[in-house]
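Labels run A, B and C following the written order; every chain starts at residue 1.
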Amino acid sequence: MSAILHVQGLSKRFGGFVALDGIDLEVQPGERLGLIGPNGSGKSTLVNCICGTLQNETGSVAFDGNVVDGLAAHERTHRGLARSFQLPRPFPSLTLADNLRIPMLYTVHKRAGTPLHAENVEARCAELLQMVGLANKGNHRPRDLTQVEMRKLELARAMAAEPKLLIADESMAGLSHSEIEDILALLVKLNESGITIILIEHIMTAVMSFSQRLAVLVSGKKIADGKPQDVVRDPEVVRAYLGE
Amino acid sequence: MDVSLDLLIGAIVAGLLLGGFYAAVTAGISISFGMLDIVNIAHPGFIILGSYIAYIINIQFGVDPMIVSVVMLPVFYLLGTVIYQVYYLSFEKRGQESLRGLAFFFGVLFVTEVVLLLAFGVDYRYVEAPYIGPSLHFGPIDLPLRMLVPCLAALTMFTALQIFISRTFTGRAVLAVSQDQFALQLMAVDPVRIKRIAFGISIATASIAGALLVIIQPVEPSVGREYIGRVFAICVLGGLGSLPGTLIAAMLLGVVESITATFYGPSWAPAIAFGFLLLTLAFRPSGLLGR
Amino acid sequence: MAPFTLIAIAVATAVFLVIREPNIEYLFVAGYTIVQYIVLATAWNILGGYTGYVNFGSAAFFAMGAYSTVALVTFGNEIDELVPESLAPIFHLIFPLSIPTLIVIGGVVSGIVGFGMGYLTLRLRGAFFAIATLAMAVVLQTLVVNWEFVGGSGGAYIVRPGEFPGLGSYMQYLFALMLALAVLAIVTARAIERSRLGYGFAAIRDDELAAEASGVPTLRLKLVATTISGALMGMAGAPFPYYIGYLQPQSAFGLEYAVNSIAMPMIGGTMSWVGPLVGTLLLGTLQQVANVTISSAVNLLLVGLLLIGFVIVAPNGIVGLVQDRLRARRAK
């Protein structure tokens, strides 16, 4: 079965600083991949390069069988790649419902080829807000939200783009135990409907219970990639987290 | 052919002298825009303000304009810190710098120009100093002191700035703030304070640049607008935040402008800088030596 | 036709008739200026307020409209010298062009300039775009000053016909045309606001990176905004030579256009079509009064100070202040 995401030899530097060094990564359709690593290891940079927010210097990214190098971020989103931002980036002047409307108007609508009906959009926005637990805040603005609620909005916005592959970047930071359970259940449900998910998290219990496969990034290099229970016992991984 | 070559050499020399001066004019922007990411388009307005202050004191008391500008340094520095504080509280903190910050500086530029217009009218003003007039001659090369002295003063100021940035703690903190604010905070240095100091310095350079300007050419309130394009063109071409790059770009622009003015007439000069800017932005936005 | 458009046309017609009543020529002259600024402010706001990209070169787009008129009128006057004899009769049939035609052409020219400039600079950050607009304004002014065909720095005379059949003085005709343009500008702005395009613009303004990630083709939309904004400004500029009679580059490229196009929407409020209208009516009237009573320089000073003041204190303009007041009252 061909991978839905194929990253080959991807490198990214910022001036003299090497953020990513020859990353190879494959994700199978419908897979649940966990991506972990210490702060500053390059996880978000990797996401940015995959999604087109940043351009990598070397290496190649292929999505759904097609090479996407050089494509703008919005085009990759049209093809089914969606991500949430680690530091939430909501649209401050729009209501929450309108925040979700943007990907619907510009991604789902684009794919469908015909304009979406207003009522459908309204209903879909409400449905998404409900799924992440923001149901009665539809006409609030992002500034009224807590940090935690903003992360939920980020996730909902990524979901609104109806992706084939969803990258959730630290959506659970600061959430309570039950909230984590809710989001995990949501992600599992999405996955069951066919969406491939890459989960980037620091909360190990969540990562372990969710991931079918686990990859570890340290200082821009991938040092482990395999079954979660094997990876966490890998001496290199242990060293990276606990130090020498 | 001989005549043309002389003309060309003369144009190049004049251009280099002009370029030195342009570097001084741009130094402030290199700091505020190149390092602090503040689009202070009002900077030329402050330069003209400096020119007029040098002019009044020179005409009233006969003091050399460059001395006036040095005396005025603390005043301009203070002005810079106040403006930064307003800018920070109103825009940077709220994350609104793109639209409103720009409009703010545009307003400041505009108000400065109109105030000068009301105070001094549209007549051209010029200063008097012993080196305005005589020239040095080296064979076919003419070095008017009117251009040479400001150029040397400019290079001195520029070198002082470079030393400050690379050798002093505060200077290096400014460089650090431009690269990584967060890391700076971890070192217990207040980035806002550093930026305030840096912006103050950038406006202080306008005091000196203003005096040099009024030595080189007569000024009237709208002259500032001609320099907006030059200043940003040089800054971008030289690579944001690189002082050496700014110097090279300034010389380059000075020479091209000078050659164009000599062979095609002075009315095309304003377009040169802006044309440079548009081309640079379109094709090589990181500049010659940029990061 | 949509109800709002009908209402707008009705209001514009009413304004025209009211201004016409006292039969004072000055009212048309002053009214023309204010309505012209409605167009400029609304046009600026499409790119500035809706999309978040500041244009400092409004004067250039305005002047491009004015100078395409000058070029075409001059050409029309010199057909026999410029065109081979065999083709001359065809040109004589087409020229002189009516002002509505000139308006359309002015819009097309400025639209193309906007598109071109956008294409060069919109890949970069908003700050670079803003500086580039300043640069472009100066470059275009230099080109015009050096173009003898349209009069160069000496300026060009455009003869205004004395009367317009059916209406009265030609000034009334110009005023009516400008009112029509204002209706067009406002209807366009409002249509954009409520459309998919408007959402896209807002997303770009709020967070361009997130907009891209959500599927918004940011470059394309920014080009659309720049083109529409530029075209409207060019349309506002096209009748200007007829209005002023003698056009010098300094007046067409005058600083008051740049400042007012920015100040009026920012003081009025940038979030909707109402803001530029409110800002223009207030500032425009203020300036007409100040021009007559104080001096034009002090008048501009006031505009500049108001701009700074509002930008610091009331970021959402007068409309924003009113909305906050209403929201506070509703909360009680």
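The rule we apply is simple: a contact is a pair of C-beta atoms (placed from the backbone, for glycine too) under 8 Å apart; a residue touches a chain by one contact, two chains touch by 3 or more.
These numbers come from a predicted model, not from an experiment.
When C-beta pairs in contact are tallied for every pair of chains, the largest tally goes to B-C. Each chain gets a centre from the mean of its Cα atoms; the one farthest from the centre of chain C is A. Averaging C-alpha coordinates per chain places the centre of chain A 45 Å away from that of chain B. For the pair chain B and chain C, the distance between C-alpha centroids works out to 32 Å. Counting partner chains per residue, chain C shows two or more touched chains at residues 205. Of all residues in chain C, those touching chain A in their complex are 196, 199-200, 202-203, 205-207, 209-219, 271. Chain C meets chain B in the complex at residues 48-49, 52, 54, 56, 120-121, 124, 126-128, 130-132, 134-136, 138-139, 141-143, 145-146, 153, 205, 255, 259, 262-263, 266, 270, 297-298, 300-301, 303-305, 307-308, 311-312, 315. Those residues of chain A that touch chain C in the shared complex are 51-53, 72-75, 77-78, 82-83, 85, 89-94, 98, 101-103, 105-107, 109-110, 115, 157, 160-161.
Interface of chain B with chain C (complex): residues 33, 39, 41, 86, 90, 94, 96, 98-100, 102-104, 106-108, 110-111, 113-115, 117-118, 222, 225-226, 228-229, 232-233, 236, 267-268, 270-271, 273-275, 277-278, 281-282, 285.
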